[in-house]
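What follows is a single structure, and I will ask about it in a moment.
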Amino acid sequence: MPMQPKKSLTVRIMQDKIYRLLQQGKRLDGRRPDEVRPVRIETGLVEKADGSALVSMGGTKILVGIKAEVGTPYPDRPKEGSFTVNAELLPLASTTFEPGPPDERGIELARVVDRSLREGGALDLEKLCIIPGEKVYILFIDIYVLDYDGNYYDPSLLAAVAALATAKIPRYEVGEDGKVEKTEERFSLQLTAIPTTITIGIIKELLLVDPQIEEENVLDVSLVVGTDEKGNIVSIQKNSPGLIPIGLMDRITELAYEKTEELRRKLIESAGIPLP
Amino acid sequence: MPMQPKKSLTVRIMQDKIYRLLQQGKRLDGRRPDEVRPVRIETGLVEKADGSALVSMGGTKILVGIKAEVGTPYPDRPKEGSFTVNAELLPLASTTFEPGPPDERGIELARVVDRSLREGGALDLEKLCIIPGEKVYILFIDIYVLDYDGNYYDPSLLAAVAALATAKIPRYEVGEDGKVEKTEERFSLQLTAIPTTITIGIIKELLLVDPQIEEENVLDVSLVVGTDEKGNIVSIQKNSPGLIPIGLMDRITELAYEKTEELRRKLIESAGIPLP
Amino acid sequence: MPMQPKKSLTVRIMQDKIYRLLQQGKRLDGRRPDEVRPVRIETGLVEKADGSALVSMGGTKILVGIKAEVGTPYPDRPKEGSFTVNAELLPLASTTFEPGPPDERGIELARVVDRSLREGGALDLEKLCIIPGEKVYILFIDIYVLDYDGNYYDPSLLAAVAALATAKIPRYEVGEDGKVEKTEERFSLQLTAIPTTITIGIIKELLLVDPQIEEENVLDVSLVVGTDEKGNIVSIQKNSPGLIPIGLMDRITELAYEKTEELRRKLIESAGIPLP
Amino acid sequence: MEKPKLISEDGVRVDGRRLDELRPIKMEVGVLDKSDGSAYVEFGKTKVFAAVFGPREVHPKHLALPERAILNCRYHMTSFSVEDRKPLGMTRREVELSKVIREALESIVFLEEFPRTSIDIYVEVIQADGGTRTTGLTAASLALADAGIPMADMIAAVAVGKVEGHLVLDVCDIEDKYGEADLPVAMAPRLNSIVLLQLNGRLSREEFQKAMALAREGISKIYQMQREALKRKYSSVEEG
Amino acid sequence: MEKPKLISEDGVRVDGRRLDELRPIKMEVGVLDKSDGSAYVEFGKTKVFAAVFGPREVHPKHLALPERAILNCRYHMTSFSVEDRKPLGMTRREVELSKVIREALESIVFLEEFPRTSIDIYVEVIQADGGTRTTGLTAASLALADAGIPMADMIAAVAVGKVEGHLVLDVCDIEDKYGEADLPVAMAPRLNSIVLLQLNGRLSREEFQKAMALAREGISKIYQMQREALKRKYSSVEEG
Amino acid sequence: MEKPKLISEDGVRVDGRRLDELRPIKMEVGVLDKSDGSAYVEFGKTKVFAAVFGPREVHPKHLALPERAILNCRYHMTSFSVEDRKPLGMTRREVELSKVIREALESIVFLEEFPRTSIDIYVEVIQADGGTRTTGLTAASLALADAGIPMADMIAAVAVGKVEGHLVLDVCDIEDKYGEADLPVAMAPRLNSIVLLQLNGRLSREEFQKAMALAREGISKIYQMQREALKRKYSSVEEG
């Protein structure tokens, strides 16, 4: 077994405790190692957003809102709309979050959610074109972490997908004068895939999913794995220092498929998302 | 009488001294409680600005300059020009001011002056339109605090109004090719109101106006009240921590009307502003 | 002899040592007082840049890259392209450089190189015009200090000139629809002058050129002087605190002419620059 | 946009309220786990979270005050809380409102009981439909109580507006936008004192007096709701 | 732009390589004088400097940790390293890559041997043609060794891609741009462990397994080259 | 814009001056109350305030030097001081000029007399019509004297220009804009030394020598006026 960076005494004591529980198939909060915390999804809380979702996964609470604007497409993709993901780790969520522009954790979160949505193929960007080469919809997907009890990755993607799936985007149309104007109508984004991720933590040779904060603080290492409903891995992010033994990769992949599928089912049911 | 936050010993000693003076109708610098410091207004000092005024109110010195530019109107007000107020508390004015972008005090000052001008109706923004929906004048009203001996609010608004009232704005005209071009001509802004503010300080149940810095540091609380010449209150800002006893509000309002009217008369005389 | 600001003891000891060596016509690293360190110029290292040069002058290493973009000309110079110089003192070059936006040293370096190029007349900016008043080339000249062993001024200008002289700029042309489009062709900038600078350090009444870091730390004062090949001084920057005795100016000028001419010859040879 | 008719001839407002009627108000205490105290408050569609951390050690240490706690406050809106997306980062408006909310709270918290510490208050507006500063202050006050921070009184707050010549209690966004004045007021009712007062608009002296009286009535109702919200939280804890 | 044909029918890539072939690699150790350790690494046209400072005193002091060194890392690209000029300052991408590179290095450096100090690593990409984070990590690992910082192992890294349905080793920029997946992997080979792993793209479970195996093969070659580069430096020092 | 004719055939400049003539100069010492020393200086339409604070405690403390004072300097222009509105915040030009002005002052202030303190100098240009750095330095020097900071000498400064082939003393904005060279020079006359020297433009060796001589003449006049301005301030104090 590979070396892991040495931990301070208090971390080692807690790690030992959690490791011994894991050996018995148990965890601090009574979950099984492969059990995710209870998930609650509420959509439409913010009426002024074009889509919104408040997701709690255990004690971690995420609010995502969507705003659509009209802008110009990227020159190399004239027929496609675009989207941008931002994430703010609000200081009211944790003593470890500071006010101010996103630090590396917020940026990483936004980029992992972005890649999971993008490579997961959740949106048909060509449907977001108004006039090719000139006007397209731009979706701003903004993630706010409201309460942080470990693992903000998985609930953030759940909230982003739920907000997108239930969004009602104001329709813009080309008027007689060639100008693009907002109409009273709104349309739904029809998601073309439902990506989900699972965060997997490792202590020695044992795995656990969806770490709660006390666990997160003492893991040897962790990673986030995303899949789509067609059986593809669509994103991976090793998101902490530490060594992942190569020999564990097959068990990790296996577990990731199982748990992302489970979260996908929950998401589809709770948010009433039509299957793509 | 309501509780006020406890003060440190030195603050309490100074506050007691000022309070006892106030009880006798006196102040540290020999003024009466309801007496503003001597006001001096000099306009046109900065020839490269389209309007400028240097105002001193006792030991507090404010420089305001106006620059006009041409830009596009706000979409929801296509027939109106606009103005923007900025304030910098220059580090040469006080040991308590730091170099760098405006902190909350500078931002508050700018926004209080902005609201007093805007809600006071000083400018007829429709007169600042060149081509409706396309080109309007944008006035930049920039406030610099040069020397700070307490109360920068009231002299900043005096300086802003004096600079606006004496400004000569370069006239832009629509040329034959439809383009907007600068002409040699300049025009005056005809002010449609003359708002002024007065800063009122409170110690226990006693009021004073235009606090000088030693007073400012030990007040229980203070607020800025603005009026126009038609008898309206056009802005209020409680601008410090502390409790304002509800029972004092009538005396505060009374005093505010009297002193803002007095400052308005001084401003009109010194800067030679035509009555709107 | 004028007073110089007092130095700390360790600085004084090192300064004494260097001064005594200078009196004997010697220096710490074996150079003569008027000898520049070995210069090595490598161009074209960065193929994705439109021009690039890596210059070492002793232990100081500078990388300069050029990128051309198309933009609009300045309103008061409608027939001229433009260029912008930036400099980053990379933290990998020295323990005294910090990550983050350029501090005053980086800004000064960029501005001294900019003025030397601009006033030295290195570029014929009218040749960088595509459509007068509408489209011109904008050159971004970006300087990165990779290793800092004293005097980053002179090698930065050498690298900037070498990168410009060997650049191949993508040609843009006006298409049939009036739009400006990138072609496959590339063209050379024909330099109209070859400015170089020399940094001169002073200890008491003695001069040295191209100070290495141990010297730089103990100089009484230093300045950078630039010339062109026609015998003009094209830039001067006193770049440190300290007094330059007026009586030394003639010797300084003399030395500057000699050493900038020497560097110009080296630059022309090494980089294969055609004489303007 | 054409100004819509905001008050009917028989004194009914655009959302069906009477002139002196508050919007439906929802208050919940202790909604966020990781802070020392928190609250969620809705005034109609205005929805605000507030959380309190502290008293805790000051970072960096040299900012600590020997004789009292520092009180920090950040009022912030999510990007999607308003009609047109708010850019990320703090706007000048948010900086100003953070200051006036902080100063209101400094008026009633017993800061001198916790020297060398900081008390940090975060107000997060997730939807803005008028009265966000007063709703935020109402929530912050509940969060402070939930955190067990000793205060001389609770703060309750509301904005009074002038709309089509009428004074109205608890302005919503459209009334604020097309109205003639917006007067946010916060009081410490037990202390008979004003802790926040701003005016954006034009009022005559008489209107100002009436508006203050109207605010006071609203505030006493809100204050009552705050006490009930706290009772709900703590009685349920005792029961639980 | 039309997507070009990237792999010929007989499995030859756009730059002439076989599917499992690395680009020409150049490694040089100790190239910068003023840092405590440095390296220059080229993978084809991807060119990267790395430099290490430390262990050294932490500024400001209160950031120091009593039981171990802090490891800082900045991954940065020059403005002209990419096709379209990169604006000055750190992009979000650079911030993320700084984090994952740092975390990879934290996995193998014996930080607890240098309490209260910092080790600062700067990765400067002077040309980017795909695989900059893996090239940067390979260079940073050499620079750490050059600085004499004790490590449990060296890190070698490479990106595997999926291009026109084929898994390819050591993706270059055009393959990354038009390809279906980019899988950067870094390993500590002696420890049989992964220290960096990201996926940008879509892979089936079988493709992922094969891609990891392909990465591992490439990494063991790169690891060998690193050892030789270090030997070259230090044997030449002994000779000199 | 067409370049205007700047020097007439009989050597008269655009504002009526001779080639070697200074603009009307106004100097006033002690104009700002809250700083420890201050001055206001006009060279024609160039108008500058300078203020000095210190020697005072350094914030944050760890920046203090054990053997001497730190000297900080900020050169700043108001937004309306120039033809086209200057954006708020420090431009690169202002950062550079802050550095060269600070370094000029560091040359003559006895910093070692005030270890562990800072001396902070603020130069505020309220109107810029050429020669702002030299006017600013002249004002800063007066403000330092007013603050009672011990100096080896006073600094006087002026810019020499080359305009239509002629060397001219004390360039104004239009001469700078259309001229061939701008040579700002500051001297400590009693020490026979140069403390600031920059050249923006092209001069032959002979022109440079003549320009330096011209600067020196101007500087000795300015130096005289500085002494008189100080005398006015302090004699009036004694009289008062």
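All chains are identified by letter, namely A, B, C, D, E and F, in their written order; residue positions are counted from 1 within each chain.
Just so we're on the same page, a residue touches a chain if its C-beta (ideal position, glycine included) is under 8 Å from a C-beta of that chain, and two chains touch if they have at least 3 such contacts.
Every value quoted in this text rests on a predicted model; they were computed, and no experiment measured them.
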_Going only through chains that touch each other, how many steps at minimum separate chain C from chain F?_
1
*Duplicate of the B-D contact set - from C-E, C-F or B-F, the pair where over half of the pairs recur*: C-F
*What is the distance, in whole Å, between the centres of chain A and chain E, each centre taken as the mean of its C-alpha atoms?*
27
*In whole angstrom, what separates the CA-based centres of chain B and chain E?*
58
*Averaged over CA atoms, how far is the centre of chain E from the centre of chain F? Could you give it in whole Å?*
51
*Whole-Å gap between the CA centroids of chain B and chain C*: 48
*In chain D, which residues are in touch with two or more of the other chains?*
none
*Which positions of chain F touch chain C when the two form their complex?*
1, 67-68, 92-93, 95-96, 98-100, 102-104, 106-108, 111-112, 152, 181, 183, 187-188, 191-205, 208-209, 212, 216
*Within the complex, which stretch of chain A touches chain D?*
45-50, 52, 59, 61, 63, 65-67, 69, 86, 88, 90-95, 99, 101, 140, 142, 144, 146-149
*Which positions of chain F touch chain B when the two form their complex?*
32-35, 38, 45, 47, 49-51, 53, 56, 74, 76, 78-83, 85, 88-89, 120, 122, 124, 126-129
*Can you name the residues of chain C that touch chain F in the complex?*
2-6, 8, 76, 104-105, 107-108, 110-111, 115, 119-121, 221, 223, 228, 231-247, 249-250, 253, 257
